[in-house]
Every structure is written in C-alpha cells, then in structure tokens.
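Chain nomenclature is as follows: A, B and C, assigned in order of appearance, with residue numbering initiated at 1 for each chain independently.
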Amino acid sequence: MPRRVAIISTGQTKHRAKRRDVNVRELITEAVTRALEEADIRMKDIDAVVIGNMEPFEGFLFPELWAVEGWGGYLKPSVKFNTGGTVGTTTAIAAYYYVASGIYDVVLAIGFEKQSEGHTQTAITTVGDPIWERAIMAGAVGNFAVMASTYIHDSGVTEEQAAKVAVKARRNACNNEYAHLQMPDITVEDVLKSRMLAYPVKLLDMCPQSDGACAVVFAEESRAKQLAPRPAWIKAVATAHEQQYMGDSPKRLAAMRSQVAASRRAYAYAGITNPRKELDVAEIYEVASFAELAMYENLGFCERGEGGKLIDAGVTEMTGELPVNPSGGVLSTNPIGATALIRVAEAALQVMGKAGKRQIDGVRTALATGYGGNAWTDVMILSRDL
Amino acid sequence: MEGTMTKVSIVGVAQTRFEERIASLAINELVYMVVRELLHKTGVSMKEIRSIVTASQDAWDGRTISGMTINEVVGGYLNAEAKVAADGLQALLYGAARIMSGEYTLTLVVAHCKESEGTPHAITNLMFDPFTQRHLGLDDVTAAALQARRYMRLRGLAAEDIAAVAVKNHRHAKKNPFAQRAGDFTITDVLNSPILADPIHELEAAPQSDGACALLLASESKARTVTDHPVFIIGMGNATDAYWTDRELGEAKALRQAASRAYRMAGIEYPAHEIDVAEISARYAYEELMAMEALGLSEAPQDMLARGDCEIGGRLPINPSGGPLCGNPVTVSGLVRVVEAYLQLTDQAGEHQVHGAQTALAHGAGGICGQNQSVVILRRE
Amino acid sequence: MTKKDDETQRVQYLLDIEYHYAAGELATRFFTELKEAGRIMGMRCSGCHRVYLPPRPVCGICYKELKDWVPLSDEGIIVGCTVVHLPFIDPMTGEQRPVPYGFAIIRLDGASTSIYHFVDETDEKKLRVGQRVKAVFREPRTGSLHHDIKYFRLVGK
C-alpha cells in the first residue's frame, strides 16, 4: 500500500495577461513564498521539488534551472516535467508518488508560465506533428472549434448553453483574488456577441493566455497532520493518454476516451460510484466553454448528451449540487504550465476550507483534472478524510 | 527511508546503436525499435504495462510536447505516461518512485534524442540567461570549456591528464558494438584533434548523436516472474546546483550531494571499494575526473587513471562502454549509463564485460555544467 | 509581496532554430505513393482491423506491429468542422493565412482514423458534420499531404 499523502498548503501568484513587474524567477518566488507561509514552513523543510512548465512558450531550455534561486532548489533534489496542458497535474501526481514511495516526506510541486514573454501561437503550432499535422493546423482555437462541432452534432448542445459556462466561469472568478479574467457583469448575450474566432467558438468561449505560477506542498501522513489543521488527502490519481495523432480519437471531446478511462479508474480507486452525488466540488481543466459541457458527460456527472441540461439546471453553479470551477477555471486563468496545478490547488483549498469567498460549504471530496497533449487526461481526487 | 518499501529492479534493457545521423528513421520509428526489442527480450507484453516514464526535450525535438511523438509506441494509449524534460536518469528515478509506491508493478522507461535534426548551438544557447548571457553566443561547449579551465586550475591538471580520459574511453568503445566513435588514439592524437573551445578538443567532447534506449523496471515480486537475474536499484540520489555563473564552477557540489544520498540509501560507506564499475555521464573528458572525485571514487582521479585502474580489468573500471565520448544523444545520456551498468551486472556486456561486478554506479546530469545531478547504485543478487 | 504592477525592462530575443525532421520509412513510402500514383495509403492492424491514417509503426490499441498497406479513398466524411476567422500564421510560410477559411477533421472512406485538412467552404451553414467531401489534388504533386491535397470540397447534397 502506498503511504498516505496529503496537500498541506498552496500558493498562487496574481495571474494576469502580462506580469511585467516580475521576471520568471520572481514570478515563481511569489507562488512558492505564499505556499511556504501558508504551511508556516521554510525551504529547509522541503525534501525535493518537482516542477512543471512548457518552456517553448518562453523560448528556453531548462528555464527552471536558470530560475533555481526563485524556488529555493539549491542542493535539493528536483525534476522538471513537460507534458503540455496536463503538466501541472503530471507534476502533482509525481509529487504524490515521490511521497507515497517513501523516498521523500515533503515535496514542493511548482507550475509556472510567463506566456507574455514568448510567441504563444508559434509554440502551439509546433504541438502538431511536423510530418503529418503542423502544416494544416489552425491553432488551439481551430482545434477546439472542430471538436465543438462534433460535440454539438452528437449532443445537441447549444451555443447559449456553452455561453452559460463562460459566464459562470468569469463570475466565479470575481470571488478569486488570483484569477486573471474577472467579469462580474458578463451575460450570455455578451458571449454570443463576442468576436467569432472559429465557428462556433467565440472570443469569450475561449480561455485567456496568462502569466502565473502555482505552488503546492505535499506531505506524508505524520508531517501532514503536524503541519496542517485540515490537510487534503489524496485518494486517487490517474493518467490516461490518447493515440498518436489528433484525428485518432473518434468524436474527440464528445467521447474523450482518456477522460472516461482516467476518471473511472480514479473513482474506482477512491470508492466513488456516483460522482455527481459523492463529489462535492470539481475543478476541471475546461479550456473552452463547450469542452466543459462535454467533460460533464465524460466525467460521469450526467448521462451522454445531458451536458447542456446540467448547466441549464444550475447543477454546476456555486449554489448547485456539484459546483464546477468555483475558481473561475481555465476560462478565467491560464498560465499553461501552472494551469492544471491550479486545479489541484483549488480543489485542495476547497477541501481544506481555505477557499475564501469561493468556498463551497461542507466539501469533503473534490475532483481535479488536467487536459492537454493530444486529448490526454490526468485526474486527482482529494478528500477531507484520511 | 522506511524498511517496508518495495524493492525496485531492472529486468531488461535495450539500446539502439548511436550514430551521428540516423536519417532513415523518424523518432517514433527509432523508439519503437528499442521498445520492441525490450519487450521481446523480457517476454513482457505491452498489455501488462500501465506505467511509462519518458525523457526528451522539446527544444531538441523541435516540437512542443515532444512526448507526443512517441506516445503510441511506448504504450501510452489510456496509460499513465509522463515525460521528464530532463536527463534520462531522472525518468528512471521517477519510474522507481511509482513502483516503490506499490501502485504499479512494472514501469517502462524510455529516452530518445536525435541531435541531428536540430541545431545544437542555437538550442543550447536557450539554456543561458536571456538578459546578460545569450547574446554572447554561449552554448554547451563554451560553458564546458570555462568549467574545464577552472577545474584544471583548481586541481593543477595538465592538458594531458584530461586527454588521457579520452584515450581510455575510445579504447573501451572498441569493445562496445553500440558505440559511435572508437579507436586507439594517443594523447597526442587527442590534443591534435581540432579545438572546439579551448581547452576542449574534438576527441574530448561527445560527438553529435542520434539514439534511444529503454529499460523495464519491476517490483521485486514481479521481477521474479520475468527474469532469474534481476538487478536491484539499491541507491538513488539527485541534487540541483546553483546556476552556472552563481557557483564555484570547479567543484561539483550537487554531484557530491546526489552521491551521498545514493550511498546512504544503499548503505555504502566506502564507494571506492564498494563500487565495482561506474558509468559516468561525462560529455566532456574533464567531467569524468570531476565526477570521480565528487562521487568519492578517487581523490586524485588523474593518478588513478594513469595507473590503469580505470581500465576494463583495472581496480575500478570507469565507462567500460566508452561513455558519452563515444556516442551521446542528449537526454539519453544518463539512462544509457544504467543500461550499460545493467549489462555489466548481468554478464551481458560482451567484450567490455567487467568480470565479477556486483555493484555498479550510474550517473546522469542535465543543465549547464551539470547543474542537475543524478546517481543510482545497482546491485546483482 | 506582489510588486507594483509597473513595467520592468524587457530584452528582445529572436528565436531562430532550423530543424530537419526525418520523416521516416513509413512516411517516405506514403509520400512516394501519393506523389507517384496520387494514392492515399493507410495501414491495417492485423489484430483489431483498424485502418490507420497516418501510417505508424504500431497499433496503439492492440500494440500489434502494422505491416499491411491498404489504399484509401480520396473521399470521406466530415467528423468535425469549423470556419476559422482568427488570423493565424501559416507555419510553412511564416505569413498570415487569409481568413476566413474552412477547416475540418475528415475520415476518408476505408480509414478508421481521421486527418485535419482545409475545406473549400467558408459558409458555416453549409459546412456540417457528416457531410461528404472529396480531395482536390494540386499538380504537380510533390509528395506532401498539405501540398498535394490542396483542400477538400463538399460533394453530394
């Protein structure tokens, strides 16, 4: 049996389109300092550091090693991951295994991205396979638009229902002091009338590009109990990837095989049979408004084709049966290398009862997901109960 | 460290031949070759493998999320693959952690790089501080040259002391069928080879290489069902140093730290006596001497080398494979050291076999002048 | 702790790295067929009988090595589609691609997987999932998926 592992603290930067007041190193420090202060520990209490980042967005090789002083890594074990959008959850899952294995007792996980410093479109274009895909790519927006069209065709979900997701995210973000896009007055109409990027995806249906960092401290059982009044225990982690090329996945988002597989594996591990009832909150990597609706179905929050009805019924609103992304989600904040780790941090905050104005009452069990690569999925389930 | 931890063993390895340019194969084809061979050798079916850790670099592959290229051939479909953007030995360390957690019984570890597809100078320039260093045209070799000079001065080493490392390694490589560059060079030959960046000569630097390697990790109980000769990972250590211009370049402090962690875990007190063979990621000849010192294998490695102690058949053979100087795809470097150490401990090293080796050390490094250092200790039963 | 959001100095760095990707044995065979015979080839898995486009060393689902090449139709159906209005840099030319343009994921008849490509239609009301399309080739062919197939055009109703 793995050792029990918990999240004991988190720290985030103020996420913004351009954090021109800091460099990458200072950006990381901002998040790490908050996480250490939250747990009232110092770098000497950290045994090892795992770091996630997508360095093509900054135009770097080993940016984390350049920035080492920013995260206190001197003479500490450390490792860098890069798996695309999922990298934040890849990093969280690695931190979990490093502690669960008994190798380290306290591990700091970091995700960071300063997207404003590089050329985002170029970095996203080069995600495409150079032989087969790159010349006929249309960026993240084109890709999501194509996926959304398949999902609309299969489920009958409407642009209005997707717009409700976009509204929910930006309104929830107003309760999150770290969120990038906070739009208290946004309406469904605003989303529908926003600039068409690639039909049916409009500007306000998409996530922004952000500068930001996130840090999360993982600890084994005795340290966790010692350092946190109410740790967020990790009940399950799971990863599932897709096949090789963008067009390999039948129906793409609408039947996302990796998300179905990873979530079912994690639910089974955590003993969850009815996720909508047994999860109290979810922080999912939704990336575009339509994607969130498809993900409700993939994650088993509702039946196939019912994603639109779930948002109509308000089930995933702050006051609903299963609030999704009280933080404002990726639609409000997206520093790629940190984005998935922010999902984990926000889920942990909810379990620890430290989510401030975005706190959902009585959270015992929370879900966090990562999305990236070629429709890859990571899942982590957190609980108040050991 | 808890006593109840699952023991991790290596149950099989595979590597491609390293070549300056493998133009006929795409990256996924190259990686498929080693994975197929590994599965064939171990008799393990891909269906049994649920956990995969890979190592590659986006900048070298010219692709954002380089792991996507090999996702399918490493068995990533619906499985738990993760990519370290670090030296290949880091992939092994994480793979071992997954098994030690008890959640997985098998983990496939793979590293690849085709240096020939990119532009090494421009790619390694991306490691340097963008505000004060990149515009100087620094790359991996020029930084190494500065470190070499510093180390030579601190230890009073002559050019010949460094060249002797290259002489030994190229001679060893003649016995390694996977080596890219080998030969009976003399110290004069080495010092007469073109200067890349003073004091580093061509034969003292790893050549441009394409290649891949893979190995399979298993829990002890699973290992027993796969092989009669599992090799156990008994020590692991890693440490990160300060940025290259923020430290004493002539000392490998992080490597000392990584080694002491690995030795402590392995219960090794006198590495120079307890290690039977070492595979060191010395991409430049001087690094081998620096590493031997930091690993506690010798206080005066140049003398040990001069005595012939580091030869195959010597007291403590270093890089019997020829090491990185004889072929070294970046990122594969540290992992193929483990592959070689495994071959030694299972008596499969052929002509470069070190007889009677019981305990082996493998070393990997990443970043400018070895900023991140990894050490593993392996032992046969 | 957050500093004031005032701008600090920035340093420009122009990233210019040349790559020469090896397309590999399978792609070379595919592109040769495309160039010389105008034929789009897939690979069939002997285990699950899926037919893959692009070709690849191994079936990701069965992990069986792929060996059998099969010709695919130059017609297929739209699995997903969009009309792109967001200006986008064409990675092959470095120039901005003229907008709007039709873009779709297309499953060719005989294939189990799909490819992305352009569609000669910019009216989103005419572009629908399930519609049939046919490849329009560009002559002379050079052995490249994005060049030799200029785009797909809608066929039938």
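Simple rule for what comes next: a residue touches a chain if its C-beta (ideal position, glycine included) is under 8 Å from a C-beta of that chain, and two chains touch if they have at least 3 such contacts.
This one's a predicted model, so the numbers in the text were calculated from it and none came from an experiment.
C-beta contact counts were set side by side for B-C and A-C; A-C has more.
If each chain is reduced to the average of its C-alpha atoms, the one that sits nearest the average of all protein C-alpha atoms is A. One inter-chain figure worth recording: chain A and chain B are separated by 33 Å, centre to centre, where each centre is the mean of the chain's CA atoms. Averaged C-alpha coordinates give centres for chain B and chain C that are 37 Å from one another.
Chain A and chain C have centres, each the mean of its CA atoms, that are 28 Å apart.
Residues of chain A in contact with two or more other chains: 59, 126, 129-131, 243-244. The residues of chain C that reach two or more other chains are 13, 15, 19, 21, 23-24, 27, 56, 60-61, listed in rising order. Counting partner chains per residue, chain B shows two or more touched chains at residues 26, 28, 59, 62, 71-72, 76-77, 123, 126, 130.
The part of chain B that touches chain C in the complex is made up of residues 22-29, 32, 36, 45-47, 59, 62, 71-73, 75-77, 114, 116-119, 122-123, 126, 130-131, 134. Interface of chain B with chain A (complex): residues 1-2, 4-5, 26, 28, 57-59, 62-69, 71-72, 76-86, 90, 93-94, 96-103, 123-124, 126-130, 236-243, 246, 253-254, 257-258, 261, 366-368, 371-372. Note for the complex: chain A touches chain C at residues 13-14, 16, 19-23, 26, 30, 33-34, 59, 117, 119, 121-122, 125-126, 128-139, 141-142, 145-150, 152-153, 195-201, 243-248, 250-252. For chain A in complex with chain B, the residues that touch the partner chain are 1-3, 48-49, 54-56, 59-62, 65-66, 68-69, 73-84, 90, 93-94, 97-98, 100-103, 123-124, 126-127, 129-131, 238-244, 257-258, 261, 372-374. For chain C in complex with chain B, the residues that touch the partner chain are 11, 13, 15-27, 56-58, 60-61, 63, 65.
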